[in-house]
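Shared between the two complexes below is chain A, which pairs with chain B and chain C, respectively.
Coming up: the complex of A and B.
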């Protein structure tokens, strides 16, 4: 559904995305994590054909999103970071305007979400609150019943109640058929609920790309007490980040297994160690911390 | 049912455990239908694929059975099986606790601590005080 092959994007001297390769098959719900400035929005804009990559190839729904922008765009429901332009229009006018672009527009889906989100066609867009704008933006993205939904931080800055309604809208769509979703978010509980696959981006590069449950279940933090303060000469594989504090060595490891545990047990430099479970937030922070060092 | 997004436990695992305990405690009885995948996904606010995965696992374990076009039904004998599984889970927790903090304790000492813990949980019944507020005794 989405194919990126060694894609880079430079703005002047600044590298926003560097050699990014990513393959997302149909049906995947992909959550894109990364601190501000990691290159998520640039990547999403390249998928939408709004930004031209400096090098590499981008394919979305089998098309080149820049050269075949129109054919590509009508297959994607897009919720941009900045919700909506056309603020002088009324909701009803905006809907009629958007409807004209999409041959697959469903009047019944649109009506259902207008009612569910308590939006009225007579309201002016510029009078809407941030939460209502977000809902309108989602409504427009869902009403042409796209195969692929792309959202750039759709729920940031929304209150928990609007966020829940928003989530319901997405889930309602996901329950009917095999849709593909790619979204970026800083709200890790939403990512945990929605994404079956997670990519963590930093400095324009993908640090990891794993199944969500596997990532959370197999990333562990080790707290080891060292005999004389120096770490084992043979370090375990998959270290994401590490820290020394006197004789305590704490390290976060990806793909932790009984094999890793055995390696640590056998290391003569380690007196003893604990294995600690991590949640998605800790894992995300440790990846970024490790990449910064 | 509730999903803890802060837990390291996979969400489908959380769903499986909660449905099993609901079956063990008689919330769902043999022959009854579980919520549809769609209804549960919307209620718990999780990806419907995750619910499907949990239901498939429960079916593999023989707790529920899918009836084409209808939904998931609790199987005959599932209550007993789910209860046995809860006992297994409890036993595993004990094993983990003993191994991690009490591996060098004597058996009598462990039994004593266990009885203490049991007493402490049994005594914790909630009464109403005179002003109507709940008090934990």
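Coming up: the complex of A and C.
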């Protein structure tokens, strides 16, 4: 569904995305994580054909989003971070306006979402709250029944109740069929709930891309007490980040297994160690911390 | 269907400018008609008066229409950029060609309808009312040519400004100031006191060049610009 092959994007001297390769098969719910400026939005813009990559190739639904822009966008539902619809239009007018662009527009789906989100066609867009605008954005993105739903921090700035309603809407849609979803978010509980696969970006590079459950299950923090303050000469593989505090060595490891535990157990420099489970938030923070170091 | 939707949207965006244009352009004619009817003179002198008033109104509205052109061209893109609704449009499955085509069609249709009305009134309708005196078409040829060149300059620069900036007022100003640039150019090249005709021709060609370059340059830039 989405294929990025060594894609880079530079704005002058600043590298926004560097050699990003990513393959997302149909039906995947992919959550993009990363601090501000990590390159998530730039990547999403390249997927939408809004920004031209400096190098590399982008394919969405088998199409080049820049050259085959219209054919590509018909298959994508897009929810941006800022919901910038025509504020002078009424909701009904905006729906009629958008309907004209999509041959696959479904009137029944649109009506269902209107009712679900309690939006009135006679209401002016400019009178809508941020939460209602987000719902309207989702309604417009879903009413043409896209194969791929792309959302760029869609719940940012929404209150918990509206966020819940918004997420329920997406979950409802996901229950309906084999949709592919790609979204970025800072709210890790949302990502944990929606994404079956996550990618963590930092500094324009993809640090990891794994199934969410696998990532959470296999990423562990080790708290080890060192015998003389120096770490083992043969360090375990997959260290994400580590820190030393006197004789205490704390490290986060990806793909932790019994083999890793055995290696640590056998290391003469380590007196003892504990293995701590991490949640997605801790994993994300450790990846970013490790990349910064 | 898609183009119709874009047209509807662009007409709605230009609605205020269009209404203002109709009012501003109709006002001198309305005043001319009112003053003639209110005079209570004889039929022949009243016809002469009406003709003179129509020619004067036509000339006034020709100049006013430059303002209207700047308003229309200036609002074409900048109105959407000012409230960032162009970012919403940019993600819809449309093409740049259609977006531009719809805007160009609205601006061209409204501008030509409003603008051509005045020469028509001056040349045709005023002639009908001319009694003994010579008809005006020949006398207004030069004025008409000059104002046409100014119109192209205003339209092109307003269009260019609208693609470049996010404020319709700024693009309107860019449009209105462009004939002055040509005027400065003409002052730099000719002495209007000694070479009146050369001065006028330089000014007219300056306007035409500015108009064409900004119109085409703005359009080319629109196709290259990354909207979001």
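Brief remarks follow.
In this text, the second predicted complex is superposed on the first by the 293 of 293 C-alpha atoms of A that agree within 3 Å, B and C clash if a C-alpha of one lies under 4 Å from a C-alpha of the other, contacts with A are read in each partner's own complex, and residues count from 1 in each chain.
Following the convention adopted for this analysis, a contact is a pair of C-beta atoms (placed from the backbone, for glycine too) under 8 Å apart; a residue touches a chain by one contact, two chains touch by 3 or more.
In this text, all values refer to a predicted model and were calculated from it rather than measured experimentally.
Of the two partner chains, neither chain B nor chain C is touched by A:57. Once the two complexes are overlaid on the shared chain, A:168 sits against chain B while remaining clear of chain C. When the two complexes are overlaid on their common chain A, residue A:127 makes contact with neither chain B nor chain C.
Legend: residue contacts after superposition of the two complexes on their common chain; A:21 is shown touching neither chain B nor chain C. Applying the stated contact rule after C-alpha superposition, one finds that A:265 touches neither chain B nor chain C.
The residues of chain B lying in touch with chain A in their complex are 3, 5-13, 37-38, 41-42, 44-50.
The touching residues of chain C, when paired with chain A in their complex, are 1-2, 4-5, 8-9, 12, 83-85, 87-88, 90-95, 226-228. Of all residues in chain A, only 27, 29, 164, 167-168, 171-172, 174-175, 188-189, 192-196, 213, 216-217, 277-281 touch chain B in the complex they form. Across the complex, chain C is touched by residues 45, 48, 50-52, 69-74, 78, 80, 82, 84-89, 96-98, 100-102 of chain A.
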